[in-house]
C-alpha cells in the first residue's frame, strides 16, 4: 500500500521537483554554515554591497555581512522553528482529535469548544500574550505558533476519525473484545495517517509564513537574528537602492512555501485511498 | 424440548437527535432457541439493526435484559467493504480475534477462500469474497450465536446464494444460532425457522416461517407480504390508509384499515394465537 | 404500437491507462409507446453505461464507437452535441436511484420544478406552477401545493421519488429512463412506485426503460426484459417467456440462484453460479459468461456468440441445446 503511494508520488512531476528543491534548500541550510567560509554576524563595514562572486554569491549587506551565509543560517531559524511548531501542533492535534472523536462525550465537547475559542483569536495575539506572560525564547515562540495551529489539525483529524468510528470493522473489533488502545493504534491511526501526513505538510507551509510574519513584525524574534522575515524588515529601507537585499529572503520564503504546498498536493493525490480502489 | 439460548425481555432503546426522540426499540421481548435461525424483518427504521447491535453488545439498551447461555457471540455486517480494514491483509483481518495466527488459513479455507488469497488486500477482492472474510473472522472465536445484519443485501444476486448456502452449511456443522436481520422477505423465507415482524420498534407478529408467510394475521404483516414482488403469483391486495394522526397505541394504527378507537390509545400486548405464533393486535381478541 | 426508442448495435469503449475496455457490445434494444422494458443485470454488466449513453452523460474517457440511438425517428448520435441535448431533454426523462442526491437541498420543490420547465419552454411562472402541481398530482401526490413549498429533506424517500418522477415528466417526454428507482426504498414503497410507473405508462403512452438488478421487480412491472451480462444483451424477450423458458445459461442460472418467497427452508436448494463475476478488467475473447458457464465449449471462448431470434425471444448463445 505504501509502495504504491510512493510510486504515484514519484510519478507526479511537480511534486517530485518541489521535493528535490526543498531538500536542496534544507541541506544547504544545514551544511553551508558549518563549512565556515564566512561568518554571518561579524561586520565588515569596508565590504558593503560586495559584487556577486563565489566569495559572496548573494553579495553582502549594508553592514558588509555575507548575505549567503545569513540566508542559510536564517533558513535554520525560519524552517527549523516552523518545523518544530508543526511537529508540536500535529502531535497534539492528532492526539486530541483522535481521542475526542473516539471517546466522545464531555471530553469531545470540551475539546471542540476550546478549539473554536482558540481559532477565534488571531495567532499574532496568541504569540504576544505568550511572550508577555512566559518571557521570550525560541522554544516559547514555536509553542505559540504551534498552539495557533492545533485547532485546525484537531478538527481535521477529529472529522476523519468520526467518519471512521462508525465503520463496521471498528464495531467488529469491539465485538471481538479488542481494547480501545488496540483499535486506536491498529485501526484508527492506520486509516487516518494519510490525512495526518497531508495535514502535516500543509501546516508546515502555514507555519513558515507565520514564522516569517512574526519575524517581520519583530514579535518573538529580533535583529540581528537572520530569520528570513526579520531580514526582509531589516533591509526594507533599502528597497529603492539595493532591492536584492529584500528580494532574496522574499524569494526563499515564497519558494519554500510553494514547494511545501506542491508537496502537500502531491501527497494528497498519492495517498487518497479512493484512487487506489479504482486502480 | 428446545433449549432457550437467549431470552430478551422488555428491551427498550431510544435515540436522541436534537429535540427529536426516536424509540428504536420499544418493549421488545422474545426467546431464541439453540440451533435455530430467527429472521427479523421490517422496513427501514423499524429497529431491527438496533436490536442486532444490542444483542451483539455494541449498544447498551436503556431498559430490559438479555439473558444468554451462549458461549460467545459475533456479528456479520451488511457492507462487506466497510466491515474490513482497508489497510489489513485478509489473513490479519481473520487473525484479529485469534490467539494463534496460524488458525486463520484454516478458517479462510472453511469459508471457501483459497490459500493464495490470504495475502490480498480488501480492494483486491469482490464483495462476495469479502463477506466470506467477515464470516471467517466471526467464526474465529467459536461463537454459538451470530447476528447476521443484512449479510447479503449489498451483494449481487450471483453471490447472494453462495453466502446463504455457506451460512446454512456452517449452521448445520457447528449448531450455530442466527439472528438473521433482513428487509428481504424472500431471503428470510429461505433461511429462517421463525420470523419476527417489526414496525417502529415493536414486534408486530412472530411465528414459524410457514405460519407467517402462509397465514399472516397482523394487518402490517399482510401489508408487507402484499408488497413483496413475486412473479406471476396471485397475491392478496392490501390497501392501507394514509392518515396523519398521532398514535399512543399500535404504531401501525394510522395506516391500518381495520383500526378501532382503542388502537390509537391503548398498546396491545402480544398474545399467543397458536403454538409459537404471537400477534400484537386487538383483532385477535374477536 | 410504434417504436419510440431503438438502440442498434451500440458499442461503447472506455479508455483507461491500461488500454481499452469494451463496456457495451452490440447492444440492441427497442421500446414502443406505452411499453415497459426492464434491463436486468448485476453490477458491472454495463447497465449504467447504457443509461449514461442515453442521456449523453458518459464520462470523458468513454467513446461511443459505433451504433445508433434513434429516438422518435431521429438518430441522436448523428446530430450535434447541443442539438442532441435539447432534443433529448424534450423526449427523454430520467429518474435516478438515489432521490436525495438528485434534488438540490437548497431549493424548494416548486423552485426546482419550475426551473426545469422554464429552461425548456419559456412560459411564465404562474403557468409553470400550475403545470408543476398538475404533474405532482398525476404522480399520486394528493396535496401538491403543500409539497411544493417544502425542501427535499422534509420529504420521505417515497415522496421524494414521486417528486423525481414528476420532475422527469414535466416536459412531457415520451420516454422515461428509470435507473434502479426503487432500490433504495422499502418494499411497501417500492410497490407504490412500481404501480405509479405502470399507471403512467398506460395513461400517457409513456415508454419506460426500467433498469434493475432484480428479476422479481422486473417481473412485477415490465412487459419485456433484456438480460445483460458482460456488456452484452444475452437474452431478450417477453416476461413470461424469460421466466418459463429461459434460454441463455446465465438467465437459467440466475433464476435458480434467487431465493423466492414461494419456497421455505429446505424446500429448495439454491444453485449458486460458480466463479467470479465478469469484470471488464480481465477481459477475454468470446462469450463473457463462458468462464462460469456449465455448458461452455471450446468455441465459446473463441468467438463472440451470435444473437438468434425465435418468436420474439432472442438469445446470444452458440449452444444448440438452448433452442
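Letters A, B and C mark the chains in the order given here, with residues in each chain numbered from 1 onward.
Convention: a contact is a pair of C-beta atoms (placed from the backbone, for glycine too) under 8 Å apart; a residue touches a chain by one contact, two chains touch by 3 or more.
Since this is a predicted model, take the numbers as computed values, not measurements.
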Exercise. Can you tell me the least number of steps between chain A and chain C, where a step is a move to a chain it touches?
Worked result: 2
Seminar exercise, completed: Most contact pairs found between chains B-C
Problem set entry | Relative to chain C, chain with the most remote C-alpha centre | A
Exercise. Just how far, in Å, is the C-alpha centre of chain B from the one of chain A?
Worked result: 51
For this session: Could you please state the distance in Å, as a whole number, between where the Cα atoms of chain B are centred and where those of chain C are centred?
Result: 31
For this session: Give every residue of chain B touching chain C within the complex, in rising order.
Result: 37, 43-44, 126, 128, 156-162, 164-165, 183-187, 189-193, 209-210, 213, 223-233
For this session: Within their complex, state which residues of chain C touch chain B.
Result: 42-43, 186-188, 190-191, 194, 213-217, 219-220, 239-240, 243, 253-254, 257-265, 268-273, 276-277
Seminar exercise, completed: Given the complex, residues on chain A that touch chain B span 1, 167-169, 171-178, 187, 190-191, 273, 276-277
Exercise. Which chain B residues qualify as touching chain A in the complex?
Worked result: 53, 56-58, 73-75, 77-79, 82-88, 93, 96-97, 121, 123, 134, 137-138, 140-141
